[in-house]
Structures are given as C-alpha cells and as structure tokens.
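What follows is subunit A paired twice: with subunit B in the first complex and subunit C in the second.
On to the complex of A and B.
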C-alpha cells in the first residue's frame, strides 16, 4: 500500500496538520464528512455479459469491477462435499502508474489473501450448496476483481462489489445422470433462466478504519491515509459477527484504540448491510426496465450514500 | 503459474496417506472436553514452555532459534546493508525486509519450495508486526533482512516467528524500541485454547454442531510500551469475544517476556569479551 501513498507525501506537512487539526476538535474532515461517513457510493450489477455475475462499485474516485464465473471442478480432498471460491485481485496499470508491469502484484496479493481470510468460515457462503456430487464434482466460483481507479479505501469497495456480484450470480442447474457403464454425465438444463442463486445474507463487508492522530476515520482518502500510522481492517456480517480483523500499516496501536476501532467498525459495518441488500433487491426487481449506466457516469441511476 | 523445474516431484495425483486417517483422529479429539491433548487447560493462559537460544548461525549478523512444543523455527538477520533499490522516495529511514518460509517437511502434507501465497501473506504480517519495534530512522538508506525458516509446524507459527525474529534482531544489535512478542489463540465457542497446536488449529472444522465463536487470533505485542503492532484474526467471532481474545493474548505475551529477556541476556554475556580479572 505504501507505493500508492507516495503520490501524496509531496503535499507536505501543512496538509497533515490540517487533516489532524479539525479531527481533534470536532467531527469534521477535510472534505466535510464526519468521522464515520462514507463517500458517495454507486453500485451497478450485471455489467459484463460473459460472466455469471458481475458488479461495479464506485466509491468516491475508487472504481472496482468484479466478475464471478462458475466452473465445474473437483472438490478439495479435505472437504469433499463442498464447493469453494477462488479470489484474484488484479491491480491494472490503468489505476495508477505505480502498478505498471509487476508493480501491482504485491498489492493484489495482499488484497487476495485478505479476501481468502474474510471468507474462511462456514457461514459467509453456503459452500454445501455448491456441491454437485460429493468427492467428484462441485462448483468453483472464480471471483476476479479488477481495480480500475484507485483513490483509497480499496478493501471496502472490493467487499461491497463482491457482495453485489455474488448476489447477481446465476449458477446454472445441473443434473447428474448415470449411463450404462456406470460413468456419470453432467447435463446442463436447457432453459437458460433455470439457475440457482446464492444466499448472500451472511457475506461480510469490510470496513477500513485509519488511525489519524487520536481519532479514527472510516473511508479514508489517499491524503488521510498518508497521515495515518496504522489502519485496522475489520470484516463484519449483517448480524455483527466479525469474520476477520487485520492491522495494516507500519505503526503500532494501543490496545484501547483497537477496542474502540473494533466497536466503531462493527457498528458501521452492521449498518451498511441493510441499505445495500435493499438496493440490490430493488435493482433486481426493476428487471428489463432498468436503464444500464455502464462505465460512463452521465446519469445517476443507482446510488447509496451512507450516513449513520 | 511458477513450476519447480529443478526438482523431480511425485506425480500430480499423489496424495498423502494422512488424508485417509482423518476420520479416526477426529473421533478421539471430540471426546476430551476440559484437558487438551498435551495436558494444558482450556480457558486458561497456559502457553507452551519455550526453549530459545540466540547466536546459532555464525554467518548471520544475528540469529535465534525457538522451540515451543513441537513447533521449531529458526531466524537469521542480515544487515544493515546498503539498500539495493534506489527508487524509494523516502530515504530518511531504513527498510525492513522479511521472508518467512516453510521447509517442505514441516507440515503434515509436503509443501513446495516455491513460496505460496500463504507464505507471502505470513511474511507481510511479520513485516507489519516487526516494523513498529525497530528504530528504522537510525539506519537511513539501509535495509535489514529478516529470514525465518519454519522447521516444524505444530501450530501458532506466526506468533513464534514474531518472537524469534525480534530476538534475532536484538542479537544482531539492531536498535529497537522494545521486543515484539507474539501470541495466538484459538477460540472455540465459550472457551479458548491459547498457543494452539496444529491439530487444535485445524481439527475443529470437523467438529459437529454449530459453534457460535470459532476462529483464531494472533497478536504481536510490545510489552514495555503496551502497544499492539500486529493483529490478525480468522473465522467468525463476536466483538466481545475478539476483545477478550486480544486481552488474553496480551497476558500470554507478558508470560513469555521474562523468558525471552533471560535468553537474550545470556547470549549477550556469552558474546561479551572475557573480563580481565
């Protein structure tokens, strides 16, 4: 993450003082938000027709595109009756010049590894529903994340996009038929609309909290990130259970700050789920009548901005 | 995908026989409720006793070896050296480079020599845990390399790697604010298992019944300054359980502190030139 921050170090010490000064006295940040407010967020699903599910999220100037493809594969030997998810984050050179060539690999690896940890529990996604025949075939969901623009707070945008993409994913229904020799054949149903949807109720959302001075802020811009010594990434489900906590950054935190930040993160994360699900369901219900915005944001169709 | 062309590996479809043993082992572990397999107690700050020694490797500037139960790790520190990459904009402070690897024979299943994404993730966590403890501003334009090799993995590898690495850094004479100690915990429902073994860390996925809080937590702590330099959790936990777990890990770190200090002072005395009298 450090490479991305170097862009703003040249802004100098005056802006650092400015960021921290207003935070200390009142709940005011440089762009007028409170400490727990998100920037304007736009979500659109079903962007890419070749995928089984896709979503694009724009959070301020951060742009993230997620595509989910379902393929039939062999289940893991330890858990033969479950499917699994594979995450891959690609930091394309479009986002910032630092990502040119192999530059974005480290950041991409860090993001993918965190996503694996976030989904590494039994309740986020019902993996048993992804099984076709135990020990032989299962659905593998390849979740590919593409960073189009980078303006801080990548984790939050990525997690919201993944939730929206998984909601939008349509997995075709398959039937296993046995032929005469005992070999199993997989048949896809003829109806293209006959598909299985995933229950994304328990999919967690990630909240990044940056420690700036004595306070912590949600949804930090690159400028605010440059002023902070450490951040805490916390992934929260709609019930308030925490699936993953990680401290990132080169500084250390007081245990009391960590407890405060966890509490705030849990509160903010929990409050993010309900409007998100409402919005996704609303978008789905529009069906064919929905106007597709695509990649040019000339008209605002679907937007959610979070104010606690 | 990077493949290992230097070594002849077994065929791709080969599987370890231990996979087929799994079901019988699971039945034994669910039987015992209060005592853990190695005699420690659940729900109490009962870390494994630790054997540490510094200064093993003659070529390295500093080195340390730690053994906790069956987990064995060795760490070497090289530096401060001149930094190889000149394109860093921030040349006022040094760089810390960490590398954590598993020997192929360290885990139950044979691993590969090429660094997988798990190892890269652990290296990154190690870097984030150690960085607040080292006075990098005293080593401008230099880099300090920390290499950790896990010889045998019997649980809480990251926590012991942090402890081992900070001992090796101290042995190398790198200036630090404080020792960084690591402790990990496995939360199972209402009780916790501190410093879990490999079986305790992974075996619970097979336990039947829906347990509310099931996860692991690793904390890296600076005892004298009372600061947490690294925190990582997995699985699912309520917020209070998480807070309680962090406090328990901090207690575990305080228990380790005197042992590590003693080992370091012994190493320093051994290195010091003999007195004239």
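On to the complex of A and C.
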C-alpha cells in the first residue's frame, strides 16, 4: 500500500496518508483543489523604480520579485549579432530561516541554472533585437530574481514573474554616431518614453509536476512537496512547444508516468499564457490610473487595531 | 482471433490495445484527444493585486472601546508609581511597551499581553503536538511554544494497564509507540521553571492521532472552553489545541476505541468525509486570516456560510471576506 511506503516522517505522517488517499481515486487535494488547479495568483509590474522592468508575483503564499536591468555590453564571440540574458536568483533570508547566510546559495544556483536552460534557444526572446552594433555592443539583460516567501512551486512563480517583467521592460533606444577619429559613440535618447519593448509572446512558462502516490499534481504546496519523491519541471510556450524538461528529486519516475506528466504539463502550461497576457495588457492599459499596491499588506496593520 | 482481441481489450483497456498493435503514434493521438477535453475546465486564476480591508461589521460594534492597544515603542505611562510586568521596559523613566498588544492593569502592575505570540501553556490546556525527538524515558514534542515540550514515558498509557511499572524494555521500545514526526493530542500536566511544558496522555481521549489534516494558526485565536474535542454535525471531528494547532479528522463512527491509543487506522477515508474536512480546513484558514476567535460555534457557522461556494474558491480573498462577514453577523445575532 503506497500510503504506508510513502509516509514522510519529518513533516507528514498520517496527514500525508490522507492527502495521498484522496488523490488516488478522486481529484481532491487537501485544500479542495483538483490535481491541475493553481492557487490564487496576483501579479503586479513596475514596482521597483530603478530597474528597467520589474514584476512581483504572489502565488498562494509564495512571493517572488523579479527586476530586469538592461546594460550595454560586449556580445558573445560565437554570436556577435545577438544580445543575451543573465539570470541570478537570490534566496532571501526573509523566506525561511534556512536561507540565512549561505544556506540559500545552493537553491539559488539550481534555479539560475534551470532558467539558463529554459531560455537557451533562439525563439524565447528575440536576441537579435538586443544587438546595437554587431561584434561590439549589445544589450545585456540582467534578470534578478528575489525570493521573498517560499510556499512551494518556486519555478512556476519565477517563470510567470520573468515573463511579466520582460513584458514590462523598457529598453532605451540608442543612436550610434561616428565621431572624428572614426570611433563609435553611443547616445541614449533623453526622452524617458522613447524606448523599445520586448516581444514576450514566445517566452515559456515553467510548470512543475510533483508525483504524489500514483498521480501527479500541479502547483504543489510545501506540504504536498514533502509527500512527493520526484517532480518534473517542464517549460512550455504559448504554442505548446517544450523548451526544457528536467527531473528533480531523489525518487525515480516510470517512463510511462513521465509521458503522462509531460502531456499534462504541456496542457497546463499552454493554458497559463493566455490569461497572463490578457492581465498584463489590462494592467498596461490602466496606465496612470492604476493603484499601486506594492509590498504593503494592509491586513497586517489593521489586525493590530481590530483585535477580537 | 477477433474475439480474443476483444476480450484482451476489455480486460486491459485502450492502452494495451494500442501497444499490442504496435501503433504507438495512435496511442499518442488517443492521449492527446483525452487531454483536449480537459482544457476547457481549468484556468489559472490570475488577477491584479488590490488593497484588502479587514472585515468589520461597523465601527460602533468593534471592541475598540475600553481596550488599550499599544505597539512596540508606545509610551504607556510616565508615572513612576507602577511596577512593570511582561512586555514592558523603562525608557528614560517612561514605561514603554515592547510588544504589540493590550495593556493589562492589575492594581499597581502593568503588563502588555501580545496579540501574536508563542504558546504560553498553563496546566490543563489541551495541545496538539508533533514528536521531534525520542530521548531516554521521554519524548520531545513541538507545540509552537518557546521551548519544546516534554512527554515523559511515565505520563503515557501503556498497554497492559495503567499501573504497570515502566521497565527497561519499555524504554527500549519507546519508538514503537511514538516516533519522530507523529502527531499527538495531550494535556499539560505541569510547567517547568524554565517555561517548558510537561504533557501527559493519561486519558483515552488523548494519544497518537490517525488520519486527518493539521491546520496551524496563532494560539491567541483559540477560545478557552470546557472541552476542545468536538464532533461537528457536518460529519467531521475537530480538536482545537490551545497552542494553535487544530486537528481535523473524520468522525470515528461506532467504534469502541477512541481517538487515543496507539492504533492508527490507515483505511481509506471516503470522498464525502474528505470534502468536509477540506472545506473545514479552508474555513479555518479564512477565519484565521481575519482574526476571528475560534470555537466550535464559529467554525460551524463559517462552514455553513461557505456551503454555496466551491471548496477551492474559499481561499480567494473576496470569497473569504464574504464568508467571514456572514459568520461574524451570525455570531453577533446569536449573542444578542
């Protein structure tokens, strides 16, 4: 009986058995969601003023902040007519005490490496549009991810936040002029609204599928993650193209279940893009009328003055 | 030959049929067709964030009158005639609060009782805890307090009668009864001088907990009542631990043995029971988020007002507000 075999002593015991039993036969998780339902998600862009683009995503209790900064740099020797992206994930000690000091470095490295793999193709972001003068100057987009709160499903939240931040990124337009000695001079336009936007249609979203018992679930909380031995990370574009598949976790996965999980991941991932783009367009259209919420959680403050 | 194939199909299902025929691509298409049907049902709920106001009925009904609330750094009084208690400190001869909470004045003693704090146990409190360590002759239990609580081997019911002397063999087989990671319900027997609690499970209603769901909330939200074990009429049972840990489990039915003891039944729980428990769990989280005092009546009212919604929708902010609003109104009506 897999309930007994998979009992996780450190966090779960019999609550684990209860959660897995319900998955085996029906589509009911502990919080009432189905196997393919996401938690409540809130997305906000343009929160950090000194970046070229930023976004904050709250997925249940997971909080992720992404900032994109565009700098002029030298293109890579193999591809002189393209710019590139650099990813860095910082696990802040705010999220859990385990991330104090160097505790979060390992997780941060793993997340960054996965992001490099996901974006390591010609179609996700149009890298040619980031080139200024081939072989000499190009735009380098430094994508910095900050984990504020951890409640499972980091990859999904990070990928949605990166897509939103890249959509929000405004890269200033440059003019290249030749001066007297023949050297090139780069001029940034003075107008803050004269900028170039990126086409984020093909940016993939990551879906994490955790294997719990015989079924797999999307958007696992920390509790459900503790019950699973292995997960599959799939990054899917809006057309359903898969850019990266990774297996994480110490357990093993049957090839047949990998196939099923890939199919589910493709389906779920494809369905993520449309509402996200709609929401981003809506937010953009609100313009100055949009009420910026930021990091303030009013319920926290009001609780002090309304004690029961 | 065809009959044989049909029988095989009926017993083994579509999957094997395709694989037997050697048509993997057909299988792939079959799976794809299955997948397309499901796409319409699900969509991730994404939205822009908005300011969420805390739910309150009306300013006059809120219990602000007569309650002195302070935040850390607030000056309570400049009068030097008072003795300072917990949660205060002297800052240049002014009595200042060091925690956020209510000021309590008892004759000449002033102390501040914090709103959000670790569990400070008293004798007789019912707690739900998790075993963290198995030591010599005792277990260490995590109960959301400042120190791990202690469950002595002599404070548990061993099979073979309560008056049995604890032998060396009992010590060696402690792990057979309670292991690291197990959940127990217990009562506070005494408090050590350093503040650690000593627990006991010397009644049939306490002991190892079987299948269920644990919800972790703040200890200040649990109302002190005569009994913390309730069998709710909706079909589930609840243990409201004073330390903020609430245990939801399916109603025991007609068993003679109670929830205590060391036998945990791993039989599958029925879907209706599981739905009730999931709904209760979401209701508890909603009540906790809006700082409503938890006791059996408030939990029940919240459950009833959440029935028109789907279980997974209860955690959406606007649905949570609506449910808590209705619950608060019902509670006020019940008191008035």
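In this section, the second predicted complex is superposed on the first by the 284 of 308 C-alpha atoms of A that agree within 3 Å, B and C clash if a C-alpha of one lies under 4 Å from a C-alpha of the other, contacts with A are read in each partner's own complex, and residues count from 1 in each chain.
Just so it is clear, a contact is a pair of C-beta atoms (placed from the backbone, for glycine too) under 8 Å apart; a residue touches a chain by one contact, two chains touch by 3 or more.
Because the structure is a prediction, the values reported are computed rather than measured.
**Q** According to the stated criteria, A:33 is in contact with first (subunit B), second (subunit C), both, or neither; which is it?
**A** second
**Q** Please work out whether A:283 is in contact with subunit B alone, subunit C alone, both, or neither, and reply first, second, both or neither.
**A** After superposing on A, A:283 lies in contact with subunit C but is clear of subunit B.
**Q** In the superposed arrangement, does A:110 touch subunit B (first), subunit C (second), both or neither?
**A** The answer is first: A:110 touches subunit B but not subunit C.
**Q** Go through the superposed model and pick first if A:178 touches only subunit B, second if only subunit C, both, or neither.
**A** A:178: touches no partner chain.
**Q** Who does A:190 touch here: subunit B (first), subunit C (second), both, or neither?
**A** In the superposition, A:190 touches no partner, neither subunit B nor subunit C.
**Q** For A:263, select first, second, both or neither according to whether it touches subunit B, subunit C, the two together, or no partner.
**A** The answer is both, since A:263 touches subunit B and subunit C.
**Q** Report the partner of subunit A that touches more of its residues: subunit B or subunit C.
**A** C
**Q** With both complexes superposed on chain A, which partner does A:41 reach: first (subunit B), second (subunit C), both or neither?
**A** Only subunit C is touched by A:41; subunit B is not.
**Q** Going by the contact definition given at the top, which residues of subunit A touch subunit B in one complex and subunit C in the other?
**A** 9, 259, 263, 266
**Q** Which subunit A residues qualify as touching subunit C in the complex?
**A** Listed in rising order, the residues of subunit A that touch subunit C are 1, 3-4, 8-15, 17-19, 21-22, 24-26, 28-34, 36-44, 58, 259-260, 263-264, 266-268, 270-272, 275-276, 279, 282-283, 290-291, 293, 298-299, 302-308.
**Q** Show which residues of subunit C lie in contact with subunit A when the two form their complex.
**A** By the definition above, subunit C touches subunit A via 31-32, 35, 38-39, 42-54, 56, 62-64, 67, 69, 71, 100, 102, 115, 179-183, 209-214, 221, 264, 266, 268-269, 271, 274-275, 277-279, 281-282, 289-293, 310-312, 314-317.
**Q** Help me check something: in the complex, which residues belonging to subunit B touch subunit A?
**A** Subunit B reaches subunit A through residues 15, 19, 22, 89-90, 117-118, 120-121, 124, 128, 131-133, 205, 214-215, 217, 222, 225-239, 242-243, 246-247, 250.
**Q** Using the touch rule from the top, collect the residues of subunit A that touch subunit B in their complex.
**A** So the residues of subunit A in touch with subunit B come to 6, 9, 77-79, 109-110, 112-113, 116-117, 120-123, 230, 232, 237, 240-255, 258-259, 262-263, 266.
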